[in-house]
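Before I ask anything, here is the structure I am working with.
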Amino acid sequence: MWAVPGRHFLQIPGPSNIPDRVLRAIAQPTIDHRGPAFVALAREVLDGLQPVFQTSEPVVIYASSGTGASEAALVNTLSPGDTVLMFETGHFATQWRDMAVRLGLHAEFVPGDWRHGVDPREVERRLTDDRDRAIKAVAVVHNETSTGATSSIAAIRQAIDAAGHPALLLVDAISSLGCIDYRHDEWGVDVTVSCSQKGLLVPPGLGFNAISAKARASAAAARLPRSYWDWQLMIKNNAAGVFPFTPATNLLFGLREAMRMLMDEGLANVFARHLRFGEATRRAVAAWGLEVLCVDPAAYSPALTAVMMPAGHDADAFRRIVLQRFDMSLGAGLGKLKGQIFRIAHLGDFNDLMLAGTLSGVEMGLAAAGVPFTRGGVTAALDSLACETSAS
Amino acid sequence: MWAVPGRHFLQIPGPSNIPDRVLRAIAQPTIDHRGPAFVALAREVLDGLQPVFQTSEPVVIYASSGTGASEAALVNTLSPGDTVLMFETGHFATQWRDMAVRLGLHAEFVPGDWRHGVDPREVERRLTDDRDRAIKAVAVVHNETSTGATSSIAAIRQAIDAAGHPALLLVDAISSLGCIDYRHDEWGVDVTVSCSQKGLLVPPGLGFNAISAKARASAAAARLPRSYWDWQLMIKNNAAGVFPFTPATNLLFGLREAMRMLMDEGLANVFARHLRFGEATRRAVAAWGLEVLCVDPAAYSPALTAVMMPAGHDADAFRRIVLQRFDMSLGAGLGKLKGQIFRIAHLGDFNDLMLAGTLSGVEMGLAAAGVPFTRGGVTAALDSLACETSAS
Amino acid sequence: MWAVPGRHFLQIPGPSNIPDRVLRAIAQPTIDHRGPAFVALAREVLDGLQPVFQTSEPVVIYASSGTGASEAALVNTLSPGDTVLMFETGHFATQWRDMAVRLGLHAEFVPGDWRHGVDPREVERRLTDDRDRAIKAVAVVHNETSTGATSSIAAIRQAIDAAGHPALLLVDAISSLGCIDYRHDEWGVDVTVSCSQKGLLVPPGLGFNAISAKARASAAAARLPRSYWDWQLMIKNNAAGVFPFTPATNLLFGLREAMRMLMDEGLANVFARHLRFGEATRRAVAAWGLEVLCVDPAAYSPALTAVMMPAGHDADAFRRIVLQRFDMSLGAGLGKLKGQIFRIAHLGDFNDLMLAGTLSGVEMGLAAAGVPFTRGGVTAALDSLACETSAS
Amino acid sequence: MWAVPGRHFLQIPGPSNIPDRVLRAIAQPTIDHRGPAFVALAREVLDGLQPVFQTSEPVVIYASSGTGASEAALVNTLSPGDTVLMFETGHFATQWRDMAVRLGLHAEFVPGDWRHGVDPREVERRLTDDRDRAIKAVAVVHNETSTGATSSIAAIRQAIDAAGHPALLLVDAISSLGCIDYRHDEWGVDVTVSCSQKGLLVPPGLGFNAISAKARASAAAARLPRSYWDWQLMIKNNAAGVFPFTPATNLLFGLREAMRMLMDEGLANVFARHLRFGEATRRAVAAWGLEVLCVDPAAYSPALTAVMMPAGHDADAFRRIVLQRFDMSLGAGLGKLKGQIFRIAHLGDFNDLMLAGTLSGVEMGLAAAGVPFTRGGVTAALDSLACETSAS
């Protein structure tokens, strides 16, 4: 396994391919997390995250995976037995529901087919029907990493407003932040959950919450027990450039470097680049005669594309062949999609030739696995990439 | 601040000086956390942690700071309103008490003077008095990082047994594991809490729980809400070499390397080395005519030494001078000790000459800060180091 | 320029894409080049190079570029005014001739068209004609990096033997070692010249000479002045595990790691892998309707492919577009081929998907540069790669 | 040997302790040495070296050890049989003489006792006596790394001028550049030889020549054969930001970072810092009752201190004990001083506490080796360091 030459292609939808610059940054000697050098680091990353979330509200950083940040969004804003309106867009939305239940919340879980985003009309309908305001929060996943379908947060915001409902809006932007245009303030999001290892180009181990004033106010009344995830402790300490508990210093070194890279490229360019990659990938899938899982073109993800495996073929067997023969990791079908799809990630520190290599690995892998398909997907992708202005 | 030549001396009691080997290890490209290479990594670190804790019980690894692992110990074993017997050995014991309270537990907090470890007789007395078994857990800090006083976990275990009390024994070994002999199984500890950035030589961001069968059984009945910290999810996934949530892969790379280093040196040598450093440091303090905070020689910490600043002098002003003139970070007095002590850490990837440099910085810093002291501390320490067999 | 996302494709024929493992290895702290740790390092790399050269003769390592090692081959074996038989296979052969002339040697330079390797019959003819044995050495380039044409060292050896001529055989294996089967002993080579940054996977800065007993004997009589390049000093010191002058320690760290990688993969697999890449690349070139510079199929290089640019198009303008739009460096036409060809390197730490990305960049670049070509080169290459057993 | 905890103390007079920043810099992926990113790198290091040499003349960079750069100084300026006036200041001056002889030059070698620098009066006397101008160059070592004695280049310049002699002045500044004030232009040096691994903080593998107009003019007439070392090729290519042969790119990454560090600190501060370290070290040696090898206080080296071992004791046995017990490498006695001295390096990326650790290792090592000495050297050094303004 270890004697494989060349660079591994890490085409799972997170962790993404971490830039060398970031890897070197995290290899800096750890420093005193209460000293002046740390304070300078903390201020740069705390301030620097705001434009990435497109917010002027505080963003807190946990030493945790993204799941921890999802938990933080719930325990800081809600009380035992509170109802949260959630939507079955896929595996991660389902996991968030399971978490809510484990934490003692009541999840009103709107069923879905894992091939669409959230329907804003359903949001409006449910909230309008909730006359006694039992629903305390609406929790949606912006980019369902398990399906490659996005939901329109702007439209969901409008639906909430149209219903005149006071529920908080909690958004999981774990695999969209730094890939897809995301506007915490403009879209009136109350808590945005994200983490380090997707569009933010840092190895896993940092979780984020961007927090509106309304959410902070909710926290004062929220009675779910919390300590590690408590915003108040965090925000108070962050104001002084420190953390209430020892932070993951070396990952913060990486975050500083990654944010410099994102800003050097320009977020608009970053988003445009991901859109190009999504389009080119779908062209390849179409040329192969395969089907994209997401059936709503408006919801196509710029970060990853989930592809349906033809009936009678096991997507996981295909992925194993691709790993063994071409040293590329593709995303698995999760939960009820296990074995039925594979996911091609095209997010993060990624460029045209890496995408071409990725799609080549899929094309050769399909052949090697004996999956029926039509050749030419890579060529179709190259045509797509070539006909638009390159990001570089 | 950045033009300072040479290596920074990071002599706070954690994060410790991270070895170059570990820093290079964490700079490896992040891998698929569900692929075979990760499974091999996970098995090595999960199995490898057991001898470090001297346990054959499962050890779980969180993407979190040590504080998160402290929270995990409570929420997995206890129910709202449960009583935990805790001891005011210092700042971190107090913080753990505060956490317990925030989580809805009742903390029976035995007062202390921050200059001793836990008195096992007090443990026995309290438990004997607890006839209706209200106390569900005894929670103690093995090595109080804020004071440099250790508590005898073996003696506390005996006290619990002498009282015939069924309470769980929860131990914070955050700054002792990998520095001071620690025996999870032999001492009958139910949950040992630790983390990456002290004796385990890895940057902060990993928290650990070693968990006895009795603790796992308690978890089934414990009703504090939990999801991220839930042992069951973790242990079940770990059995397959994976994690329920994205792990901090790159820190795990570091952990693998660090455990290889600890095992290459041999834990017995590691512990003996720290004992030598503690002894030499106290010789220096005595020669300077200063006072060690810990007043019980049996409780002296091999990991750090807290030194009392003579009255009328500000320990933080002294520390600032040491940082500015000698590029060394010393530990601050925390909580009620702020400004009154400084802490010299001598733990982790540390050797005789680094200690000599450290104590030289303190000696020169005392002079530079105008603190009254007697010269010769470094010489006394060198004599102490020289008269014992070096660990190397 | 610096905000380009993703990994650069370094497809010049050396330096090749350096593996991350090697880059981390060279980042180890520099050590005492006279201490025991260095001696262990030196022995491992000195011994380890022998199987790479397929020799049991000593290999010396210079802190130098490959050009320095080429100079060492001449100054250790020859005297002022000596005649060397050299062959105009391309730019690097011409540079070696120029070097010989600068050093005061007489170069008998057999003209060539830069599209073939050395003709062994010409070697035999020249040597047979050299009745008074004026020719002291035959110097040939195994893999002409400027043209992608190889020469058969085995056939040249036979030609020398057929002529019964005592000339030394000096071979530049700079871009073949570690890519193409190379047998110093079996082929009776007297001095093999190579360096770190091509098939040996290490950044530039190390030059090598593998030296036959006959070459060492010649050195005793050779009168070209030499000091830094002197084999005798080097071999004598190397026997004790040290170097006469401070070695490039950190690059040796990299060399140790790289040789472990090559041996883990197995040299036979390494060579087979490069053959596959050469074949696939030529299929792509053919599909594009372009012409490979090398016109002798037996001489096709497995390490790189030089492609002729259609008349009226500037290869350097094309390369600039590829760099700007696709962040890939291609090799330039050197010397008299400037602007007329571009070179696609497929050597070193390289795999199928990296090659697919590389060829995709060429295909898109041809379109972007307005060069007339037929689409489908990448597809042809994928077919070629797929129909053979993968190396991984 | 590998299980030694903590940081190695590399206290040989080069390679010095390489800064982490530089080690990370050399771990960057190698780039195309003919592309625009390289040109930017080349320009920065080529321009940046000039202030370090205090020159406005060109500085060339070889992929070589310092010895290669010493050879370059000779072969570019001299012709076979030319006389060079050299001075036996120690081992490295002797090695340079040996090199000159090997290259076919005539070395007029002024004997010395290895405890002084060059006597400028002797320079003047020899040159004045050289009425037929046979002496073509005066070659001196600025800081004799083998003895810790410096020579006054300014005074030697004056002596040459006083004699009215046209000889070139060639200076080996290998272990002084970046440690000790060095002025190529002001002192009228024709060729300054240096390298990467001492005061310039980069691992070994780069050699430098700073070259006066007079030296460049000499090169036109100099007839020693040369190719790799030829200045003309180098200067011509450098003007375009490239190199005639593949440069040691990754070491150049390190050089760029190191020069930024030196400039951030400020050369005046760098020199003052080394002076402090020399003074403190000699105070320690005096307190131990040992003797410094250099007997001329005006010639004491700020970069290293050579200490005489008391009769009957083997310096190498002592150094072995220091390495085994304290993981510190000290410099050996070289050539005729083997076993009689040890050398304490205090150059490069070094600070007060590292020096304190270093001297502590010597003090404990003397005791461990049974060498008669008086305790208190470290204390004396701390007093010396403390009484002067810190460099930080």
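Brief remarks on what is shown
A, B, C and D are the chain letters, set down in written order, and residue numbers restart from 1 in every chain.
Note that in this section a residue touches a chain if its C-beta (ideal position, glycine included) is under 8 Å from a C-beta of that chain, and two chains touch if they have at least 3 such contacts.
Not measured: the values here are computed from a predicted model.
Ranked by how far their CA centres sit from the centre of subunit C, the chains are topped by B. By number of C-beta pairs in contact, A-C leads when A-C and B-C are compared.
Note: centroid distance subunit A to subunit C, computed from Cα atoms, is 45 Å. One simple way to say how far apart two chains are is to compare their mean CA positions; for subunit C and subunit D this gives 34 Å. Each chain gets a centre from the mean of its Cα atoms; for subunit B and subunit C, those two points are 54 Å apart. For subunit C, residues that reach two or more other chains under the stated contact definition are 7, 17, 20, 24, 27-29.
Residues of subunit A touching subunit B in their complex: 1, 7-8, 10, 12, 14-15, 17-18, 23-24, 26-37, 62-68, 71, 75, 80, 98-99, 102-104, 195, 197, 203-205, 224-228, 230, 244-251, 323, 329, 332.
Listed in rising order, the residues of subunit A touching subunit D in the complex are 20, 24, 27-29.
By the touch criterion given at the top, residues 2-7, 9, 17, 20, 27, 261, 264-266, 269-270, 273, 324-328, 349-354, 356-358, 360-361, 363-364, 367-368, 375-376, 378-379, 382-383, 385-386, 390-392 of subunit B touch subunit D in their complex.
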